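I'd like to ask you about the structure that follows.
Each chain carries a letter (A, B, C, D and E) given by its place in the written order, and its residues are counted from 1.
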Amino acid sequence: MLKINNLEKSFGGIIATGNVTLELQKQTINAVIGPNGAGKTTLFNLITGKLKPDTGKVFIENKEITNLDETETTQMGIARAFQITNIFPNLTVYESIKLAILSKHNGLNNMWTRFKDHNVNYEADKIMKLAGLTKSKNIISSELSHGDQKLLDIALALCLKPKLLLLDEPTAGMGPEERWKMIDRIKELWKKTKITILFIEHDMDIVFGIAQKIYVLQQGAILAEGRPKDIKKDQKVIKAYLGGGKK
Amino acid sequence: MIKRNKHTRRTVIKNAALGIGALSFSAGFPSILKADDNIKIGVPTILSGRVAQLGISVTNAIKMAVNKFNEEGGLDGRKIELIIRDSRAKPDEAARVCRDFINSDNVDVIVNAEASGASFAVQEVIRESGTLCLHTVSETTSLTADPSIRAWNAFRFSRQGIHDAVGSAKYAAKIIEKKGIKKWMSINPDYAYGRDSDDTFFWALEKFAPGFELIGKGWPKIFQPDYTEVITKIAREKPDAIYSSLWGGDLVSFIDQASLYGIFKNTEFFAINLADYTTMNAIRNLPKGLHSATRYVAAWPDTEENRAYDKSYTDLYGDHPTNWSWEASIAIDYLINALKETGGTDNKKLAEALKGKTIPSFMGVGEGNTVTIRDRDQTITNYSIGWGTTIPKEPFIQDVQAANWDTIENLEEEWLTNKGWI
Amino acid sequence: MSLLEVKNINAFYDSSQVLFNMSLNISKNKIIALLGRNGAGKSSTFKAITGIIKVKSGSIKLDGKELMGNSINSRAKSGIGYVPEDRQVFPEHTVEENINLGKKNNLKNINNWDLEKIWDTFPLLKNLRFRLAGQLSGGEQQMLSIARTLAGNPEILLLDEPSEGLAPIIVEEIEKLIDKLEKIGVTILIAEQNMHFCMKVAKEAIIIDKGQSVWSGSIKELNKDKKTRDKYLAI
Amino acid sequence: MISFLKKDSFSRDACLALLSWVFLIVVFFIIPDPGVHDIIQKVFILGLFALSLNILIGYLGLIAFGHAAFFAAGAYTLGLFLQSDFIKIYNFGSFSIPVAILLSILVSGVLATFIGAICIRLKDIYFSFLTLAFQMVIYSIILALVDITGGDQGLMGGFPKPPFLGIDLSKPFDFYAFTIFISILVILVLRQLIESPFGYGLRMIRDNAERPAALGFNNQNHKLIAFIIAGSIAGLAGSLQALLDVGAYPEWAFWAKSAEPLFMILLGGMNTFLGPLMGALIFEILNDFVTANTKYYGLVLGLVILSFVLGLKQGLLDWMVIKFKESRNKNAQNK
Amino acid sequence: MELVAFLECLTSASCIISQTAGGLKIGMLLFLVASGLTLVFGVLGVINFAHGALYMLGAYFSWQVMNTTGHFGLSVLLGAIGVSIVGLMFERGLLNRVYNAELLIQILLCYSIVLILDDLVMIIWGDEFLSSIGIPEIFQVPPLFVLDAIIPPFHLAIIGLSLLLAIGLWLLMTKTRFGHLVRAAAVNPNMLEALGINTTVIRASVFVLGSFLAGLGGALASSIGSVVSGMGNSILVESFIVTVIGGMGSIGGAFLASIIIGMARSFGAIAMPLFTDGIMFLIMVLVLILRPHGLMGDKK
């Protein structure tokens, strides 16, 4: 599904991503973990085309997307939700979602119909239901609870009907209860859509709770990858997390 | 150190200004406060910003004349009611104020006390409405000289650039002869008035003293605070003479700054707008021997009437009249004359009464000290134009020589013909 | 009596809550490690104490004096010394100028951190004193950031991930520095995810997880307690 | 019928627009005071100017400082065209005015394309300053090209207003009805634009300039189109103003002129569609009342702005809308 | 374009000297005002549209002191100090309420102050322009001749004084604790707060310093030019140009840009006498397009 070959990126001599190679299977949930500054978010930026890699290649379904920009990768089926909630604070949930759907259909250049009359309601309803936002339909985004804002962020990504969904710390800034609600939501969503998901997360309970495959990133490189139970036992990983190995 | 004795004068001006503020406040509700058969005069002018001085000296003069008229019983009991409004020196605002006068206040006459740019805007409004309009400030020749801009119902009571230019050139020619001046420079404000003034002066000078050399021009922006770049140019070119139509605060700043370069030591300076009290008072050290036209000075024309005018104005407002004051005064004199003659406010009749009319005036140099509204272009002639040299103290100007109106009108005609305007 | 007493604080970044009824007790002259995974709330705890992020309820006392409601600078003046994770040295100022910026005129000059003492403690920085801070390496910047805060004679030093992103040799330098500070009697709270580093420098530890403090005790104890470690720190 | 009017649709807005026009025509005859007609006309002209700027400020979040450049471009285009020999040679005759207005829109639109393409690449205050600088370059050019523009005196000598389609703009009623009709028409179109997917796209960029790219949406094109539309409408406002004052003045390209629509937006409100029009009304009434009563216009305007900035903290219409919603919510809760 | 005149000037030593001296004087006076504007922007993040109004107040204040005491130095100094006090009141009373508000609100607040002050000075000092306060007696001497170029001693004094102030400002910013704090506050106010520094005080003092510079510029300008309501507008626009060209917040940049603008005016008056303002705006457009952050600005 997603294939990354020898991806490298450095900023002013500091290597942010160094020689990452990975391949995601279709319809799986995958996690990227690693200490602060390991280059997780940079990796996402490289996949979506927000940043351009120095070397290496990225493919999605065997089509190369290495040098496409953000708008183009979305058309290739990649969507992302952000670490810091990235929504439209003054628009309602429904408006935001409709906008995302319309932009997918290049519908935003239309000046001659009413936005309100746009017949994307079925699709929008479906996505709101999927994200559990139906109740909040007419609430201004900035007035949503933090968890719902995160859900809206994910919902916006879903509007693009992506093949690959990138989630950057979906539970950041949430209380314990809210976290599990969020995880249930993501699980359910995955069950219904079977989108391939790659997510970054710090909460290990969550990572081990839902990921089918885990990639451990350190200093921009992949330290280990594998099924959760293998990763748990991996000596390199234990060292990285419990100290000593940190360079 | 330099003496400063302007406290009292400033205070008086300030009080006068506040008075006007209050007066114009009540003027805002004329229909409620005043009787209906009044003769209404709308005065669009500039009361705020850096040329507020213009509006104040004009309205002072108008009020002085109107009050006298009203006290004497008006026109068979009908009194003149003034409505004065500020256009903030914006042409579109002047047009709006004028439309308001005509449409809402139903004024009988407009006495336009706007500077040139806004005067053209006023001209367009009154051209459409047909309201009688008396221009009192704009000196731009084309306002009445250009037949495509002229209007049957508009009269000019202000100086005209071409008249001044010819008068100035004639005077300059004499000085050229006396002092052997060859090289000229001109420093004029970078706007229509300045450019016109530059054009016409040198055109006329060519007629009286051909063979001079114009070695450079400076075009400071209007209200420019710093003239260094222009002055260094003069200091470098070392002209024998400079012609300038800068005025007001700009002229003051220019003279202050140019003095630092010692410009006036070896160069004859011809400033057409210098001899106005406001300007001369404001110059720190008025250099001796600058040449200036008499904008308004009590000493010229050297007549009883003129001194009386100065005295009555000064008694009322604590300050001398300005160039704008006398222009407005004459306009009102003319208007009152016409009102009395026609006995009403019919604009067509009033216009007829104004056309070609000669009346005696303190600024008049026509036969028997009269001024005339010329029939052809409805503009004032035979007003006093004099040139003299400055001295640092009152009366500020001496050795005044009067311009000859025959010479002026002859050359004016030639100039207009060249322009294709007659 | 504890030097710093944090009781039931709830802190927020805009609308998102980051600390949930967090409580801490730090006693004087100790080096204490604040452990927890990424995103557990270590940095947020520090920022809540310094006043950088909004604390809606609870209390924060230093030496018995309530800090809640005070501005960031007055908390610093009361003795909170904060060394941020990303060091935040002033890049256009020299090393010495940076240190001088940390000076403040508080009366309780317990440890008397004047420039001389700082150069004694940080000989490396003395050699670089006229260099612009922006040109220093990460480790040097970390040293500078600590020195700068010390120049203000804090009662307590909050060190946020001092070893992060540094080469092992530099980390060792930092370890030595902390040892040195311990001997002088500086109270330090170190936020770390690197357990190994903490074992070397701290005697006591507090573990926080998901915005709450969940465990406290001595480092030795923690070293033995595999269950706790696995639950909160390991993968 | 009532339910039809409740639904937010183009046809409803069109009906309302027509009704307001008819209403204002009735007003013309009920209140025969030409001063009032003058204020209404100017409110619409300035309202167009402010509404067009609010596309950028309120809906796109771009603070443009140089909007008067387009206003002046429209005014000068109209004036120069009407004074040109063109209309005599090619015998535009009765259609010279509509052609001149269209030309004004076109020219200011082209100018906006050029300036906008360069400016929208910059953000925040840099965008604002670049628009300001462009405007002042245009101002300097107008002043320098004396032979064409009349320099500081503006376009003099008036222009012909030949009747077209039975409309004679030199008659007060015709001018009043025509100006208000055109303005309402454009406001209607603008309303459609703002309520269309395109308009919501603008709001999206305003709220979050980063995210739309990750939704596969091209920000820059969208911004540029909005900039061109705003510039063209400002040009139209300028051309109507020029028709009203029978002239065009360099002051209209000066930076202080750009401050006027900002005041109107502040006074009326930037979050409600008609806020800027309301602002124009306040501004015009203030202008009329204050200049009639005191010469300290700046002082009064300054104090009014200060009280809005520090007191109400939003435009009047915005404030009213919020109050209205609050009270409606309260009522709903009480029920 | 008057290319011939321009080239002629460039081949004449006296022309180059006199135009350069003139340009320097324009530039240095401009720098005084613009440095205050850029300083305030750097630390407070506010575009102070009222800066020109403060400049005007400086001129009026010094005029008032001159007419009361007759002492030149005192007039200039008290004029600048008076403006500092007004600046302090403005910052504490009004501006600090909008630090976190939108750009538009900040600008409108400042602009409303311009409108108010422009009218207020007319109410207090009258509508008429006031005469300049004149120059001190020791400068009322014949101008100097350098290689045939005329240079008034007073201009040299202004250039010298401004240069001294520029150096003083540089020393203040680089050598004193206050300067270090100010520069640090411009880069990272939060960190400074966490080090126990009250940045509110720093902001206020920077605004006072900025006002002082504006007031000083106005007071000095009143020595050779008439004093009038609205006189701050053109200097405000020029200060914006300088601030943008130099890089917003950069004092060094403001210095460089002031000299560029001074020279552009001085030599532009020869090359393109009818388009000198246009030249300045064209430079501004070009800088914004090619280097939006200015010649010496931070890419923050």
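Some points to look at:
The criterion applied here is as follows: contacts are C-beta pairs under 8 Å (C-beta built on N, C-alpha and C of every residue); 3 or more make two chains touch, one makes a residue touch a chain.
Predicted model, so just to flag it, every value in this text is computed and none were measured.
Shared contact partners of chain B and chain D comprise E. Greatest Cα centroid separation from chain A: this falls to B. The leading chain pair by number of C-beta pairs in contact is B-E. Centroids of chain B and chain C (each the mean of its C-alpha atoms) stand 77 Å apart. Rounded to whole angstrom units, the spacing between the C-alpha centres of chain D and chain E is 34.
Once the centre of each chain is set as its mean CA position, chain A and chain C turn out to be 33 Å apart.
Averaged C-alpha coordinates put the centre of chain A at 51 Å from the centre of chain E. Counting partner chains per residue, chain E shows two or more touched chains at residues 118-119, 122-123, 274, 277. Inter-chain contacts occur between A-C, A-D, B-D, B-E, C-E, D-E. Chain B contributes residues 20-21, 24-25, 27-28, 47-48, 52, 55, 85-88, 90-93, 95-97, 99-100, 102-105, 116-117, 120-121, 124-125, 127-128, 140, 142, 146, 148-149, 190-192, 195, 222 to its touches with chain D in the complex.
Interface residues of chain A, counted against chain C in their complex, comprise 33, 35-37, 85, 142, 145-146, 149, 169, 172-176, 179, 202-204, 207-208, 231-232, 237-238, 241-247. Residue ranges on chain E touching chain C, taken from their complex, read 177, 180-181, 183-184, 187-188, 190-199.
Taken in their complex, chain D has these residues touching chain E: 57, 63, 118, 122, 124-126, 128-130, 132-134, 136-137, 140-141, 143-144, 255, 259, 262-263, 265-266, 296-299, 301-303, 305-306, 308-310, 313. Of all residues in chain A, those touching chain D in their complex are 48, 50, 69-72, 74-75, 79-80, 82, 86-91, 95-96, 98-100, 102-104, 107-118, 156-157, 159-160.
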